[in-house]
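Common to both upcoming complexes is chain A, partnered first by chain B, then by chain C.
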Partner chain A sequence: MKSRLLGSTMEVDGQSTLSLREFGCEQNLLSRPDGSASFVQGDTSVLAGVYGPAEVKVSKEIYDRATLEVVIQPKVGLAGVKERAREQCVRETCEAALLSTLHPRSSLSLVLQVVHDDGSLLSCSLNAACMALMDAGLPMGCLFCGVTCAIDPDGLIITDPTAQQEKNSRAVMTFAIDSAQRRVMMSSTKGSFSVNELQQCIAVSQRASEKIFQFYRDSVRRRYSKTL
Partner chain B sequence: MKLYANHRKNNKKKKKKKKFTQVHVVYQISMAAGFKTAEPLEYHRSFLKENCRPDGRELGEFRITTLNIGSISTAHGSALVKIGNTTVICGIKGELASPPNDAPNNGYIVPNVDLPPLCSSKFRPGAPGEQAQAASQFMADIIESSEIILKEDLCIEKGKLCWVLYCDMMCLDYDGNLLDACVIALLAALKNVQLPEVSINKDTDLAEVNTDKKRRLNIAKHPTASSFVVFDDSIVIVDPTAEEESLSTAMMTVVTDEEDRLCMLHKPGGTSLSGEKLQDCISRAVTRNREISKLINTVIQSVKTHK
Partner chain C sequence: MRETPLSNCERQFLLKGIEEKKRLDGRQTYDYRNIKIAFGTDYGCCIVDLGKTRVLAQVSCELVAPKENRPTEGILFLSLELSPMASPSFEPGRQSELLVKLNRLLERCLRNSKCIDTESLCVVSGEKVWQVRVDVHVLNHDGNLMDAASIAAIAGLSHFRRPDVGIQGDQVTVYSPEERDPVPLSIYHMPICVSFSFYLQGTYLLVDPCEREERVMDGLLVIAMNKHREICSIQSSGGIMLLKEQVLRCSKIASVKVSEITDLISKALENDRRARKEGGRCGFAESMPVERITVLKSDGAQIEMSDAEVGSEAVTMATESQSAEPLSEVGRVPSPVVRAPGAVQVGECLQNAWGLGEEEDEDDEEEEERLEMQEDNQRPMKSKSEVVVISDSEEEEVVILHPKKTQVKDSKPETKPEAPSKKKKKKKQPLH
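Our next item is the complex of A and B:
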């Protein structure tokens, strides 16, 4: 049930090229969670598992919707402040996409295990999260995908950068794009940049999201073509 | 909601018939309070429809921001900021340490945001919650991205001695828009920092602190944050109160510096936003930067003249 997207290039505005690393995704690979997925972007790899809807602790119960809990486990060591900030980003993005009002007073938990980090980790986590939620069959209003853009010292925009490219760049931005209107759901940036550069990066991310959603579609189709 | 609408209709009819009495006014006010408690979202919507907010502000209007510099005499630098009811105090303490191995001519800046149970019933005692940790990380990211202080300026002797600036921000009263208040408090406190002169004695190889001579930090950039929340996927309002934050569908914080460059566009999820709305928010953030720079300069001037 593995599917792969080979690295491909596309011209954007004639000045920067849109290239994504080789993508890979496998759904339903763990037996215990209600939904699971592993997502690979080049050498970056994240494993996601979803449990729920299940019973919720009384202290965390929300009367009109489900409580979503996101845990990010780093590759080595304990989760720190950085993981907490990432968890917040992933959780609020998933909350906006999920139709959690359909499961009031219940709990959903999403666990993301970083397998390897070679740049664009937040976007890979978002993609893994979306695939796992899909695999769990939870009702969603729209899908979402994560795209990371880096601006190198020459002002070129690199999509899906490696850790080395991120280190050399002067700004890194990660966006979550929704599948319904291709708008920005989540944004997390590092480094300083002009408004024009931001708008360009958003436009590039929206283009890249088309490819990623197509990849989602292909990998799900491939998966069900075997079972149906 | 429908029930309430009918109720109000009947009420209006009564109004026409009866004379306006004091009892009636009290009844109306308690009704409004009841409406607010029972249907908080509808209550806010009814104001937003008229392009205003329950506290009388317009959609793009910040609450009154006040600033006090040098509030803590025992710290090297400090500032107290109030945005409406939200109060944040920032104290900066400098300590000496040896520079990091991978960057021997750098110093450290360590920000920390504390949300004690005192400031809101939302926060429990014990280990810092997600919001406090995310806010601390946000402040660290701003310091890194905006280069508010060049870390080389904190180095005293390459590979031997440098300053560590512990920037502790504590919220005393939480009424929304924590991040904006933290950024102003940090910037004002950094401008207030006076560090004693330190030199290394060549003979003994020990640090000597000269407390008579003090120097100020060189602030390279002046970032300020502006927070927005989205109501019903479309209405964007600035500087939310705690209640508006809890009812909103998305939050966003834009950080700009004095050259109108963006240092941070932090939107931790929520409903999506169109490009035009984003552009409006950035323009508002740019004007806010001017307002805050003016505020900080006036306060620093007034502190100087009072001495």
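Our next item is the complex of A and C:
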């Protein structure tokens, strides 16, 4: 067990630096939703809009917390199984972060529109969702961000892969990481990998999440720089 | 979620303003809001902002069999979606009246005006033609969706490039963009919709109504026109009677607006073409207004993993120490057993341990009694040292509470295969 562990840390050694593509965010860009954000990672771009807390349909009412609905709109065609799966990932992450008990019997709806998909789409959706929830001013226990890691056929880890890199890789993993303790809130994986690789990817994502949280902090600071 | 209703006060305020030739956002009667056209990184992707109304269009294509009655014509498929992002009253997947109306108008504006050469989309007559699909997503509804959608759709179509195809005999090869440059669609003209809203039985008219103005209007006239001043489609809704002069005046206004918008589209296309030619960056990431306070961009970040290795190792170690037992258990997964041909089972049948357990317990008790007797006699030091090692386990405490037997049996599955050690534990009991 020990030797295997050492062997795999050597692999990370081979690429001592991992990189995230350039990322950017615009908040409050739509007039209708209560909160909106567009998040760009390289060429991947997702637009998010949040409505709520608002009146809820009786059939969807939950007596002790708010009902969260997540809709992901693909760019071409109608939403299919893939989108439903992503919706669930995003919804469960948001439910874990949001303090929905503060708004019982109300509805929150989060709509994500894929604007361009060039890899790491789920992590970009998570980031856009978090920025939009922040913009809407909804109470959250912690922030969250998404990081996608791909393992290429040589066993090297690539963070924030492009669509081409995702296609060539052996495994793709996306983690949602919370800002309070850098814990994994959600994971979605594709392909095969070893336990060690998974743990390394988690460690890498936790590292990368610090950059994204710093970005969140900077953008909020910039946004309120005139009012504070 | 329901739409917030407009109060009577607001309604009267808006109508009064219109009577005095004043609009909510300070525009003149015939003014359009600002139009911004941005193209994405893929071909055929475009976002149009009309004031606060925002529409995204994406054009895509695929090879399909043609319609039977038109074997040499490609297909233009239009689909407009009212995303729930645009307004809280839009529900996903619901065919609302507005959605049907907008889709129909868009079809009439683009497909029925034959602005696209569908015959050039034919690959093999009667077998394979290109189906060009235009997906229009409304992202923010602030009135005049039709104009924004038509601008987005025609700009997307003009921007779009379809893959080149080669035909050798019966074989059709679709070339990837790397192999052969994709080809643009042949577009004859650019029909663009211009909306006019009417108030107080047609006395007042506004161009490009915003959402509030749309809510108080009596009637709507949509004219689709190209820059050659050809009317492609005209629709009046809301049940308002218009005079011939009014329609003529509207068409004159429309011709001016259409030529302005067409110029804007061609300028945007030209800019995008230049940016692509120069190999510079294009796409939405570049069109983000960086000067805004709500926007922040960060250049790619490097994640240093030099000291993170320790972290990853620590994570590995930590999880390993916790998961040591489950892991070793995984190793013990029984291999499939073939009992009879055609039937496979994993693992042996579970044997009822209840009866057995009782027997063992009895054995234990007997043993204990025996041991007690022994210990009374000699108190072996050797067994005492062993006790110290295991005595911190929870089991022991439980056993003390119920002075005799049982708990050990159903506590943990791991203890089962190690029957001798269990007996040792039992031994210690009287020592405490």
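Please note the rule applied: the second predicted complex is superposed on the first by the 209 of 228 C-alpha atoms of A that agree within 3 Å, B and C clash if a C-alpha of one lies under 4 Å from a C-alpha of the other, contacts with A are read in each partner's own complex, and residues count from 1 in each chain.
As a convention for this text, a contact is a pair of C-beta atoms (placed from the backbone, for glycine too) under 8 Å apart; a residue touches a chain by one contact, two chains touch by 3 or more.
If you're wondering where the values come from, they're calculated on a predicted model, not measured in any experiment.
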Considering only touches as defined above, state whether A:Phe193 meets chain B (first), chain C (second), both or neither. first
Check the residue A:Leu18 against both partner chains and state whether it touches chain B (first), chain C (second), both, or neither. second
Based on the superposed arrangement, let me know which partner A:Leu102 touches: chain B (first), chain C (second), both, or neither? neither
Classify the contacts of A:Leu156 with the two partner chains as first (chain B alone), second (chain C alone), both, or neither. neither
Chain B versus chain C as contact partner of A:Gly49, first or second or both or neither: second
Figure out whether A:Asp178 sits in contact with chain B (first) or chain C (second), or with both, or with neither. first
Tell me which of chain B and chain C touches more residues of chain A. C
Please report the chain A residues shared by its interface with chain B and its interface with chain C. 199, 202
Under the touch definition given earlier, write down the residues of chain A that touch chain B in their complex. 81-82, 84-85, 87-96, 173, 176-178, 181, 183-195, 198-199, 202
Residue ranges of chain A in contact with chain C within the complex: 1, 5, 9, 12-13, 15-33, 36, 38, 40, 42-43, 45, 47, 49, 51, 54-55, 71, 73, 75-79, 107, 109, 111, 113, 115-116, 118, 159, 196, 199-200, 202-204, 206-208, 211, 215, 218-219, 222-223, 225-226
Within the complex, which stretch of chain B touches chain A? 130, 133-134, 136-138, 140-141, 144-147, 249-250, 252, 257, 260-275, 278-279, 282
Per the contact definition, I'd like the list of chain C residues that touch chain A in the complex. 1-2, 40-42, 45, 47, 52, 54, 56, 58, 60, 81, 83-88, 92-93, 133, 135, 137, 139-142, 283-285, 288-289, 292-306, 308-309, 311-313, 315-317, 319-320
